[in-house]
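The structure is given below, and queries will be raised subsequently.
Letters A, B, C, D and E mark the chains in the order given here, with residues in each chain numbered from 1 onward.
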Amino acid sequence: MGALSQFNWNDYLLALPITLLTLFALGILLIDLMLPPESKWVNAVTALIGVVFATAGVVKIQLWLQAGHLPPGSGWPGLMGTIYMDRFALYFFYLFLAGTAVSILMSMRYMQTEHENHGEYYTLMLLSVVGMMCMASGYDIVLIFIGLELMAISTYVLVGFLRRDRRSNEAALKYLLLGAFSSGIFAYGLSLLYGLTGSTNLGEISRELSRLLYRDPHNAVAIVALLTTITGLLFKVAAVPFHQWAPDAYEGAPTCITGFMSVAVKAAGWAMLLRILIWGLGPMRAVWLPLLVFVSIATMTGANFAALTQTNTKRLLAYSSIAHVGYMLLGLIAGTATQLSPDGIKGILIYLLVYTFMNLGAFGVITSLRHRNVIGDELDDLNGLYARAPVEAVLMLIFLLSLAGIPPLAGFWGKYFIFLSLIETGHYALASLGVLYSVFGLYYYLKMANAIFMGQPEERGLLPVSWTMRAALVVTAFATLVIGIMPDRFIQIVNWSLGLAQSPAVAKLIR
Amino acid sequence: MQNHILSIILFTPLVGALVLLFVPKENKDAIRWIANLFALGGLLVSLPLVPMFWSQMQSADRFKFIEGVPNNWIPSIGAGYVIGIDGISFLLIMLTTLLGWISILSSWTAIETRVKEYYVWFLILQTGMLGVFMALDFFLFFVFWEAMLVPMYLLIGIWGGPRKLYAAIKFFLYTLAGSVLMLLGILFLYFHHHALTGIYTFSLTALYETAPKIYSDPAYGPGIATLLFFAFFFAFAIKVPMFPFHTWLPDAHVEAPTAGSVILAGVLLKMGTYGFIRFSLPFFPDVLMHTKVRGWMITLSIIAIIYGALVSLMQKDMKKLVAYSSVSHLGFCTLGIFALTPLGLSGSVLQQINHGISTGALFLIVGILYERRHTREIAEYGGISNVMPVYATITMIMFLSSMGLPLLNGFVGEFTILQGTFMENWRWGAWAVPGVVLAAAYLLWLYQRVFFGPVTNPKNEKLHDLTPREVLTFVPLLIMAFWIGLYPKPFFEILEQPVNQIVQDVRHPRSGAAVNAALQATPPATAAVTASSTRGKN
Amino acid sequence: MFFLSHIWLIPLLPALGAAIMFFFGRKLQKATVSAVCVGSIVLAFIMACGAVWQYSAWSSPGEHFHQPYQTILYTWLGTDTGHLTYTTHDGAQAPFQADAGFLLDPLSSIWLLFVTGVGMLIHIYSTGYMAHESGYYRFFGYLNLFMFSMLTLILANNYVLMFVGWEGVGLCSYLLIGFYFHRKSATDAGNKAFIVNRIGDAGFLLGMFFIAWNFGSLRFADVTQLAHSGRFAIGDPYITAATLLLFVGACGKSAQLPLYIWLPDAMEGPTPVSALIHAATMVTAGVYMVARSNALFVLAPASMKTVAIVGALTAIFAASIALVQNDIKRVLAYSTVSQLGYMFLALGVGAFAAGVFHVFTHAFFKALLFLGAGSVIHSMSGEQDMRNMGDLGHRIPITHRTMFIATLAIAGIFPFAGFFSKDAILWETWSREGGAYRLLWYVGYATALMTAFYMFRLMYLTFHGRPRMSHDAEHHIHESPVSMTAPLVALALCAIVAGWLGWPHSLGGSDRFTAFLEPVFATEANVLQQQGRTTQLEAGAKEEERNTTGEWVLMGLSLAAAGLGWGMAWRNYRHADKGYTEPIAAVPPVYNTLLNKYYVDEGYDYVFTGRRKLGNARLGVLGLGEGSSWFDVHIIDGLVNGAGWITRLTATISSWWDKWIIDGIGVNGPAILARMFSYPARLFEWGLVQWYALVMTAGLVGFVFYYVYH
Amino acid sequence: MESILHITTLHYLVLGAALFLLGVIGVLTRRNVVIVLMSIELILNAVNLNLVAFSRMWGGLHGQIFAIFIITDAAAEAAVGLGILIAFFRNKETVNIDEVNLLKW
Amino acid sequence: MAPVATPFFFYLFAAIMVIGGVMVITRKNPVHSALALIVALLAQASIYLMLYAPFVAGVQIILYAGGIMVLFLFVIMLVSIDRSIRERQFNSQWVVGLIAATALGGLLIAVYTKGTNIFPEHALSVVENDNTQQVATMLYGQYMFPFEIASLLLLVAIIGAVVMAKKRI
């Protein structure tokens, strides 16, 4: 494809969602100045509208791409080769936007309770989505890096947004220091990649690398480049041993941001990871595959064990999300072990999809526990939730069981495809380990369920839950159930996003 | 009606649960009435199945009343909403609807808190269990299998005894641990089927064709087949539960509310044995016929029989005693299954039904006493037959049924199992027989301690005898106990065809050539795919 | 042919009675209860007589000569089509079927008659005996249920249905022994009876399976026919196993060594029960079963020998215990055990007819003895200890006289019933070839001596000598009502004449009893003959070998023994007063051993049941149970949870740890496991951001090192 | 001697690695958050040095451009980091990083 | 057209850089560290010049030494550093940290020096005089999009710094 140095009108279209988001972000900044304190909710609504517009923009791109009749699996290199707009990217765009929309819904009441209901919050959120989009669609390591930083820096601020709260401060500081440190390492790796290949374009890098490795299969510098790069990538998705920021940041951040981080930011991390590892560093698969095996086992082990006795729900869910990363890494291993089976990658994408909803839902319920003087992030705060908010309690049960992977809930499908691909590629031991750890996971999810359904509430009276939160919960629960019970449509979407041709057998069955 | 009878049976309880959602939770009596109505409705809609099944029994189809076509649910992975029954599942379904109704009826006064939830979960559980017995698609089966854990977990966890949390989690974790391994096994079969035929499907009948070939497939061989067998084995063995995977059972039983125990013992445990019959046997005939594997299975069964009985003997808690007796009884069931004879198999199924009836009744019995005195310590009681004669009589009959007295149901099952096992290898039969003696020992001893003697504990003096509602819960069980004991022929007739079919599958699996011939006969489109993708990996 | 074709009504009538008692009994008057229950038995008796009568007409020479009559109601187990099959020993497929079918032949006729007859009498007796008991309806319900089971046992046409009756009588025995459920001793005895019986039943079950495995059928007719067909060699190991196992069942039911222990305890039940169940009918079920399986036993000489030896040993063993017992019913109980031993001795030596004959006569005189004892107890207001009796003879004359007749019968005094049957047994034993059988004869002979002694001891202690009871009790002594004495008289009559049915050839009789049973029993000789191994001639010759003189000598000897026993008892107990001495007490060890029944119960309690502890250790089944449940809680649960060993290990190391485990939630494995591994995993995150960075760096260094220098 | 005196890309690389090393050491060991942030600047500078050296080596300008972006990023990070530090300092009155341990386990 | 005495200047600036770096991470007073950092950055700018990257060098001096370091100094003034100066400067894990970091650096250097021929050693002739123009062309050409995003990045940095540092928004 090469670097297209021509800039044409298509590129405006490709940048449409990003532009829209930026405009709305700036708009919020301006509107915020004019808003009296009691109608700050307009910010959120504006942000939501922005998300809707951006979604429309993505739809527009999708229609345009489809009209262009690109062959499945390939994309449109735009903006002079810095982005590569394919279905994979679009899939992630939708994912980011969905996660963001739900997060915004969840945030409204929470930020009010915290007295930090400022327009900047939503601005940063939207801008971080811009960063994510750059990560997902970027095809140039410069853009990916800048997008990453845009997302990361927005997130640092969002994590520390409760400035008067020490835990929020601390989380932000830790997250920033570690994030910057890892970015440094990541950038170092990228610089080495550039040094090895002479290009910043992923396609070029891939081509040059394979040439380089053909000459010298054990190129030590390439390995160092790969490892430093992968450190940054694994840091962003929070895989052991680069995961330690996650529990702290998750715990300290405002709960709605925790939710946002655990889905959108994580999805962006995964988009980047898949993009770089598969599109860019594919030739080095022989090196990173065993590494990922180690990392995924370590991740599942460490996270699951750590979560077992956790009493802070946010932290618990943080560990659980780390554990889920472990499972997804298994999918990556299986998906790239042989060229033949894309099921693992499919598993990751489905996983991220269902994870967006179920995890946001779970965090939503925890967010709704915050009222007056109660932080609501301890396991005890969940006690007797059923008596205080029956609907939320049942929804939480759905989310938890979905996280644990109990069919017919959405979470099952993520695990399903990952284990499917592992079996398909003959990784029986890894598959067994994975499923056993998922049983492990059930234990701590059930601990929460136990508190909700069997604990005695300390407070009497119903829990006040805002209608926006209700809406968010209903949306996420609905998605969790629908994806769980009628997964076919969503599997098709993922197939589409990966550009998988329907295999003849499946096609026959559908007919 | 004919075509959708199974779906109607399957979803009636679920509809009940949905209806209950809209009843205000303060209105407890309305909730109870509605729940009972739907439970009874579930039983009533299942009754027409009896004549319908009876009239179709002789048809050559392996499964009857099939609804849905393969792959209609999730075409992209080949999973379908396919349900159907054969004689074995027919009996278990009838047992489920019956026990479901009885359990719900028995909960009328036992459950005072969070009534609405209770019935909702119970009705959902009912649907889950029925689904397990009906599913003819492996995937559907797995979904029901797992989904049903949740309501049971909540039933134990919310309405259970003092250590309910521990018991509930233990129950859930154990069962899940087994079933996830099964999932891997399922996936393997799925790919194997694809490798042979080029079709991705979870359809049970399709997998029946290909799964047995793993054993002789040079690409996989006996080792992998055995591994797969064990992947399934763990799931089912934990559920049954076979020794030594049984430790969740006493905890779950003891802590569960009465109705929960009834359903747990009556139906949930049968899922394990049902799984063995429906899946393990036809899928892995060669593995099972392997002397060592079978030896282990039989050994574990026999250990369970003896061991469960011995442990029962020394229990101080009535419910625990009954729980361990389940281990022993289920040992008989698995023994019958792994004897791999038509006789053992039909005896096993019959014994599963019997166990559902008898042990279900035993848990009701313990529950009734518990409801009155709030203790299950055997030492707290004594001389109950003085104050509760009707109760004592019913208890005696159920004890006798449980210990396998002829003319009651237990004997028919045990005898058939023992004979079937004996004919396969007389030593196996001989080892299992002491279980019969021990059953008498622990049950009679329990009866003596609880019911006989003078009333020593003043708290027991004022106990009132059974209410009409409570008697009503026992009536169907008593009728069934006597029916099966006196005239089991219809049951044997129902079972005859499926067990012979299964044993035929296990003992004389169709040769590879036959399967290939069958595949050749498929339409050309499939054949082309087969040609292109068979042995793609080798 | 009404009676014959409706033969199934015979068991059903009492079942109906039982059902009525079960559902409505509580609300019925005692009179109604008696009418229903006794009525049903009377009807059954009439039906039985009719059926036997019609059968003898039906099977008389002609079309059905010597054939059993069978009627099948429906297929009980299995299906009609017979597609449910099993593989027999020789690889053939046999259908799994068990009928609800009934069979009448000479053997079952005899049992049918005396069971219904004696049963009827005892029912009548019970209306008097139980008149003042609460739970009257319950008692009769149980009794009727028992009659149903016993009649099913007798009339079954296959082993499985026989097993139904077999277990059923066990159950009823359990229920009736535990009738006074307020007494722990009664319920204990009931449990013991049931469980010991169950052990036997287990043997029966296995025996049945062996039969099915060998013959492919469990119908008596099929089995007998196949056994006679010559397809099976004498001494076939599987048939030997089958018969031995059946005999285990018989041992349980018929109280043979070593499973006899339940029977003496069973005397806790009301006396009519002891008479009906534990003397006349149920306990002879074992004999019936062995006799029923005679075709098999004949094929298994080793089993026959076992039966004979066990029978003889039981006979003398129980008799020796009975010598010194003081409880009137216990003496009778041990006497029953002993007499049952006799019967098995007869069966074991191949004298099936003699054994059955003894069952028949024994039914009358032993029932009579028990009922008499019941009458005594009744008159003594519940006193059972003979040391507190004496001189009752003239106060309860009918009881005294009828019991005396029974004593003469059991002691084998000519011409009472017992003489003929006992003599037949002893003679058959003696005339059996092979030296060891002579030994058995000596045992039997000694037993006869003892029998006479202890029975007359009972008579003298009870009815003669000085009155030793308290004044209060003495005041209340009265003869029993007619409902009780009438059966006594009837039975006494039978005890005299029943033996005459088998008046032996040597005394000029025709032994019609044996002749009647002839078609049922096979002998080794005619099996051999059917198999073509010996000629008709030889078999005939053996038949002719009756040594009339020898028989007379033996009769004389056994009469002498009976007389000797009587004499010894007369000498010792004729004038028994308070503090009389037992002659055997002169040798204290022997006396104590006998008085304590050879300490067998204690031994069982220590070794088998584990009811008693040896030091701190519980042995036997209960010990096993205890051990298993400990094992379950501590080892299996622990192991399966994956941390059991940690629990054990640490618990011993430190009591603090133990306390923590027990107090905390940590009793369970998962939690410990969680703590063991979770805390380190969490401690890893100890909050210092630079530590996190360090871990990242270390990870990176590790990876680089691994990949670059690997 | 030749290898020392003839300055090649390798030399810059090694220099960059040294700078990187110093930065990592600073991040891992210093307690003062401000200095830790400076150490991160060191790391980013090491990256920049690499990039510019490679840019020279390849004769393209991609490396230099990348370096400019990284400088931008360094500026943004420093600004936000210091902002967060100020907010933190207001609450906790310290800039010592090992006193930042409210969140753990 | 190689600059004169390249090795000498290289080693000189490299030494300044390394010494500056060492001082950054060893000084007690953050102000001293910041000054050391400025020195190191200036030295690095010189090295950029040697690498024919005048524009980057300029940015380095203006943005880094001029902008960022001033920001640092401001913040150092803003937060009270008296206490932290008096206290321990290194945390409790410094030994381990030092070892790990040194191991990492050592590994990197070892890898680079061992594989000298890894990088293609073609010193291309670059037209030095129009470096700035070329940079501009690329920045506004091929890298226009990242450049726009970088502007958003700075916007976020501003917003973030304001949100965090301002007492009341």
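By definition in this document, contacts are C-beta pairs under 8 Å (C-beta built on N, C-alpha and C of every residue); 3 or more make two chains touch, one makes a residue touch a chain.
If you're wondering where the values come from, they're calculated on a predicted model, not measured in any experiment.
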item: Length of the shortest touching-chain route, subunit C through to subunit D; value: 1
item: Interchain contact steps from subunit B to subunit E (minimum; 1 if touching); value: 2
item: Chain pair with the higher count of C-beta pairs in contact (D-E, A-B); value: D-E
item: Whole-Å gap separating subunit B and subunit C, where each centre is the average of the chain's CA atoms; value: 37
item: Geometric centre distance via CA averages, subunit E-subunit A, whole Å; value: 31
item: Chain centre separation (subunit A, subunit C; CA means) in Å; value: 76
item: Centre distance in Å when subunit C and subunit E are each reduced to the mean of their C-alpha atoms; value: 101
item: Numbers and ranges of subunit E residues touching at least 2 other chains; value: 91, 93, 97, 100-101, 104, 107-108, 111-112, 119, 143, 146, 150, 153, 156-157, 160, 162-164
item: Residue list for subunit C, restricted to those that touch at least two other chains; value: 670, 682, 685, 687-691, 693-694, 697-698, 700, 704, 708
item: Overlap residues in subunit B, where contacts from two or more other chains coincide; value: 169, 173
item: Chain-to-chain touches, reported pairwise for every pair that qualifies; value: A-B, A-C, A-D, A-E, B-C, C-D, C-E, D-E
item: Subunit B residues within the subunit A interface of the complex; value: 71, 73-78, 114, 117, 142-143, 146-147, 149-150, 153-154, 157-158, 164-165, 168-169, 172-173, 176-177, 180-181, 183-184, 187-188, 190-191, 194, 198-201, 227, 525-526, 529, 533
item: In the complex, subunit D residues that touch subunit A; value: 9, 13, 20, 23, 27, 33, 36-37, 40, 43-44, 46-47, 50-51, 53-54, 57-58, 60, 62-63, 65-66, 69-70, 72-73, 76-77, 80-81, 83-85, 87-88, 90-92, 97, 100-105
item: Subunit E residues touching subunit A - in the complex, by the definition given at the top; value: 107-108, 111-112, 114-115, 118-119, 141-146, 149-150, 152-153, 155-157, 159-160, 162-164, 169
item: Complex contacts: residues of subunit C adjacent to subunit A; value: 670, 674-675, 677-682, 684-685, 687, 689, 691-693, 695-696, 698-700, 703-704, 707-708
item: Residue numbers on subunit E that touch subunit C, as the complex places them; value: 91, 93, 96-97, 100-101, 103-104, 107-108, 111
